[in-house]
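Handing you this structure, nothing more for now.
Each chain gets a letter, A, B, C and D, in the order it is written, and its residues are counted from 1.
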Amino acid sequence: MARFVMEFERPLADLEEKLAALANLDIASTPQLAAEIAELEREVERLRATLYSTLSPWEKVQVSRHPDRPKTVDYVAYLFDDVVELRGDRRFADDQAMYTALATLGGRRVVVIGHNKGHTTKENVARNFGSPHPEGFRKAERAMRLADRFGLPIVTFLDTAGASPGLEDEERGQAWAIADCLATLSAVRVPVVVVGIGEGGSGGALAIGFGDRLIMLEHAYYSVISPEMCALILHKDAARAPESAAALALTAEDLLRMGIADEVVPEPLGGAHREPETVAGEVGVRIATALDALSEEDSDGLLERRYERLRAIGEYNETD
Amino acid sequence: MARFVMEFERPLADLEEKLAALANLDIASTPQLAAEIAELEREVERLRATLYSTLSPWEKVQVSRHPDRPKTVDYVAYLFDDVVELRGDRRFADDQAMYTALATLGGRRVVVIGHNKGHTTKENVARNFGSPHPEGFRKAERAMRLADRFGLPIVTFLDTAGASPGLEDEERGQAWAIADCLATLSAVRVPVVVVGIGEGGSGGALAIGFGDRLIMLEHAYYSVISPEMCALILHKDAARAPESAAALALTAEDLLRMGIADEVVPEPLGGAHREPETVAGEVGVRIATALDALSEEDSDGLLERRYERLRAIGEYNETD
Amino acid sequence: MPINDWFKQREGRRYTVSTGSGTESLPDGVWRTCPECKRTLYQGEVERSLSVCPHCDHHFELIARDRIDALVDPGSFAEIDAGLVSSDPLRFSAGKPYASSLERACQTTGMDDAALTGTATIDGHPVVVGALDFRFIGASMGSVVGERIARAFERARTEQRGVVMIVASGGARMQEGMLSLMQMAQTAAAAERLSRAGLPYVSMLVNPTYGGVTASFAVLADVIFAEPGAMIGFAGPRLVEQTIRRSLPKGFQTAASLQSHGMIDEVVPRGESRSRVATVLGYLMPADRAVPAGADDTPALLPEGGEA
Amino acid sequence: MPINDWFKQREGRRYTVSTGSGTESLPDGVWRTCPECKRTLYQGEVERSLSVCPHCDHHFELIARDRIDALVDPGSFAEIDAGLVSSDPLRFSAGKPYASSLERACQTTGMDDAALTGTATIDGHPVVVGALDFRFIGASMGSVVGERIARAFERARTEQRGVVMIVASGGARMQEGMLSLMQMAQTAAAAERLSRAGLPYVSMLVNPTYGGVTASFAVLADVIFAEPGAMIGFAGPRLVEQTIRRSLPKGFQTAASLQSHGMIDEVVPRGESRSRVATVLGYLMPADRAVPAGADDTPALLPEGGEA
């Protein structure tokens, strides 16, 4: 299967293809070839550095959506032991777009909650591309309550384009399900560490997307609206998404600057999918560090600080 | 529309018809008629007294199902003021088979929860004949939690043949919905007064059918299984329901004897539908009296006593 | 994004806003046409009936202040948290610059943002009341709206008041980016704290209520009412239609449909909202709960039919 | 009533019960036929594999004691609340007299009623464990079963143990009438009290679990497991079929179907149940929760792939 190439990677991919074709030639028969290959290799390296070290917001959005990018279940597989998946909302369905589990990170027993994107089309169809139905949020809420009752910290992984906007999602109370998650997450008496690993799309991300610490991957985004939808509203043209992406201040760096994110995990050149284990390892360290720090606070203080943290977000002028 | 005649009422109904026919004749032209009518009237009166004063368990079951018998909403209309119906489970539907409301009984603010049978076929189709779907029980649970949070006593009215046994009821977790009601009702920190007004069918009744006081109408029943189903199992013949009804010990008197019910409200000859306002009035007095007594206990004591009450039900020998 | 749908939907039809100072889209402000029954109505007549069409019961949009006045005890409303204005934190200028949208909205409405909040009484019950004004950038929730809503819940908690919110909204205010999204969590958290303090919250959803506002404080109320005909949802109807690739069923996302789907407690006509809200507060306010059963000021044991 | 369905369903097929002392319906107790793959199996082979068919993974019915032994640490089980027997409170004699059913069930099973409960450890975690035995009047719940289950939860609460219930049941025991129905409320209340005390409860639903037992303590667990192929529901399949007047979809009420409908957490093969339950207890038991992160007996920060 051909490697997935993001739009902005096209020039680099073309060069890489040429290089691969040259490598198939017989070097011995054409002596200058070795030099040409070496030159091309240097060019590829230069281009790669330029391309990936200065990703625009819109390019980051593309990286965040890359099918090979590590997903929630990859982080679980890399980092956690003794996993017991918690399935179902006990009311309607087990929504595959939301993943919840008991899991252990280096001896730390936690509840994991994450949007559940797949790598392949087949996986994604089964998981509604990581866009939860109401029962997905209700499953998440169930996991939150379990965590709260048994004093287990919560670790969430954000990776959704947004909540599912289908007819039946509306009829089964999508807004109600999300709002209940928000209320519950605001009140659980255990530490909540949130990791933005890919897409952070609107209310569907927020439902499991705030807490006591927000760790963002370098190329993950978190936004009030998708750049395409924003462009459609502003310019009646989804193709102007790159502009919208810039305007929305949705990158990890933007969130750090605005005081919404606490830290940014750097990604290898090209994105987390180039060295998933390394990235996962670093993410694990960040989560563990955050959990250890938060576990020292008593739950009253934790709750109070979480609320203050939320209340501090927002910018306005007060004239009186 | 013809009056609904229960199977066992047939002989009486025949006499009453004859009497009505006689009354249409011209008394003046046939002098002996007046005497005959008077005689027949006495006979009707004797038969009525005999018939209704010694109802068998199976006859009581029929009375409890009488379409004219006052239903939950009738008691609400007769007894309660300032009614605000609470609708929906916030997840799937507003199940018309379950009625929940804020309501006031002679100044006492309470939450009312009741199975919602109708009088007409049309009403009953809309309300699934008072057999709740899972969302009906979830609506009831929502009402219980509201009552608990705001310190409002709970008054429930039992009138169901049982929980709905459909395919989708199973798929949406009928057992889970009922069990959640049981757990919640056992733990609400407010008084719970239960009134058996008609049918008390199995788990669907029990879901809102226990608490701190159980008041049974004289001809209401409460049973682990319907007499017909029991007969089908025991004799492979639903027609032997009268035997089963007797064997199951399902009458108000049986419940009183077993220590499950606390009191029995007498019904007028023929059943509550003959004098609905009188019966409702008496029911109101009983509820009010129970609420006033229970409101004097603190909630810890209330909870403890409710649990002990439940735990005391059951008969067995302990040999060790 | 719901705002989009709503703006599009609104473009197509002749649209009037009832304000104290007259309407924009009618020449003289004296006559208006009911969009439902198409009759021409005398403006004064409409206003006397709380902007409900006397012929077909259509509920016209109301400005926030009029909504509050229709709900609370006359003269009891005192605005709180005035003087908050958006700082355009992202210097958002894609499409129409946010700063100019804000300026225009302020001029048109005389408000500084979409939320108006204050203390009041409803049938004597002390409450904090809030209302969103759809004229102000589609009553979208940015930092100022989120702050006002959160402060409203906090004040109610401190002063042992109930909260009543009259909600209309297109959703989050995208021009404030993530700062806007986070208001969902902030307002939900504030509502949750009120709930845990044992104080009641009633919401009244009016046309239209969508997106991040629906999915946060709007539906976290103990009792949820909605105005007849109000459209309420998370995703806007156009987005849903695009998603499912077929046309929407009749009545989709209307207040009546939401009631049958179990999401709201009652569809309450505007003229009855004060008394319905007051009745609910009577059940849920702590002070009233403290009144002992059978106390002097409560009615007799059995108002009718009883023998006691 | 589910019991009925189950009895009927069971009538039709050749049916064997695995007991320590041999099986009833096979001539010599040495060979048995797998109802799923129809192969003839050597009894000893079946027992060594926890009564799971080595060819098709069919889970044979197990008696309560065998189920408990398969779950708890070897030798750790100590029965509690023995010596409770039904008093036939209704003198129920419609159809077959209850007293004779009881007597026969006692003789067949060597038990005094359908529930066996005791203290034990699972991977060292202190628990109260219970199992229902379907041979005993369809593992229906009367006063004795209800009492044992309630006491099990109470003891766990007192002794700070977790609870693990292995549940099979036809439902309520109609021969005890309302006394039986009320056991639903009693066991649910006991489970709820355990939950509020912060102690964990795991249930394992096995074939078949129906009626009043499903709708009470069985599904109130923090984590719900089910055995492969187990049929689980409230109403029995025949009643549902009669209600909807069409045939049931394939897989209806199976453990796998319940998982996809969101009702259970995991379908766990019998051979893995001890380790899965132990893992869950590791998360939820208070003693384990008290172990501080990074304590000496916990593994290193990052087991693999990390740089820390």
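Here is the rule we use: a contact is a pair of C-beta atoms (placed from the backbone, for glycine too) under 8 Å apart; a residue touches a chain by one contact, two chains touch by 3 or more.
Remember, it's a predicted structure, so these values are computed and weren't measured experimentally.
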Indicate the lowest number of steps between chain A and chain D, counting one step per move to a touching chain. 1
CA centroid of chain B to CA centroid of chain D, Å: 34
Could you state the distance in Å from the CA-based centre of chain C to that of chain D? 51
Could you please state the distance in Å, as a whole number, between where the Cα atoms of chain A are centred and where those of chain B are centred? 54
Mark out which residues of chain C touch at least two other chains, giving numbers and ranges. 195, 219, 261-263
Could you tell me which residues belong to chain A and also touch two or more other chains? 90-92, 172-173, 176
Once you draw an edge for every pair of touching chains, what topology comes out, line, ring, star, complete or other? other
Touching pairs here come out as A-B, A-C, A-D, B-C, B-D
Counting only contacts in the complex, chain B reaches chain D at residues 163-167, 169-176, 178-180, 182-187, 202-203, 206, 209-210, 222-225, 229-230, 232-235, 243-244, 246-250, 254-255, 258, 260, 306-307, 310-311, 313-320
In the complex with chain B, residue positions of chain C that touch it: 195, 198, 200, 219, 222-223, 259-266, 276, 279-280, 282-284, 288-289, 292-295, 298-308
Quick check: in the complex, which residue numbers of chain C touch chain A? 1, 3-4, 7, 82-87, 89-90, 92-96, 142-144, 146-147, 150, 172-174, 176-186, 188-193, 195-196, 211-212, 214-220, 233-235, 239-240, 243-244, 248-249, 252-253, 261-263
Inside the complex, what are the residues of chain A that reach chain D? 78-79, 81-82, 84-95, 102, 105-109, 135, 139, 146, 149-152, 277-278, 280-282, 284-285, 288, 291-292, 295
Residues of chain A touching chain B in their complex? 90-92, 134, 138, 172-173, 176-177
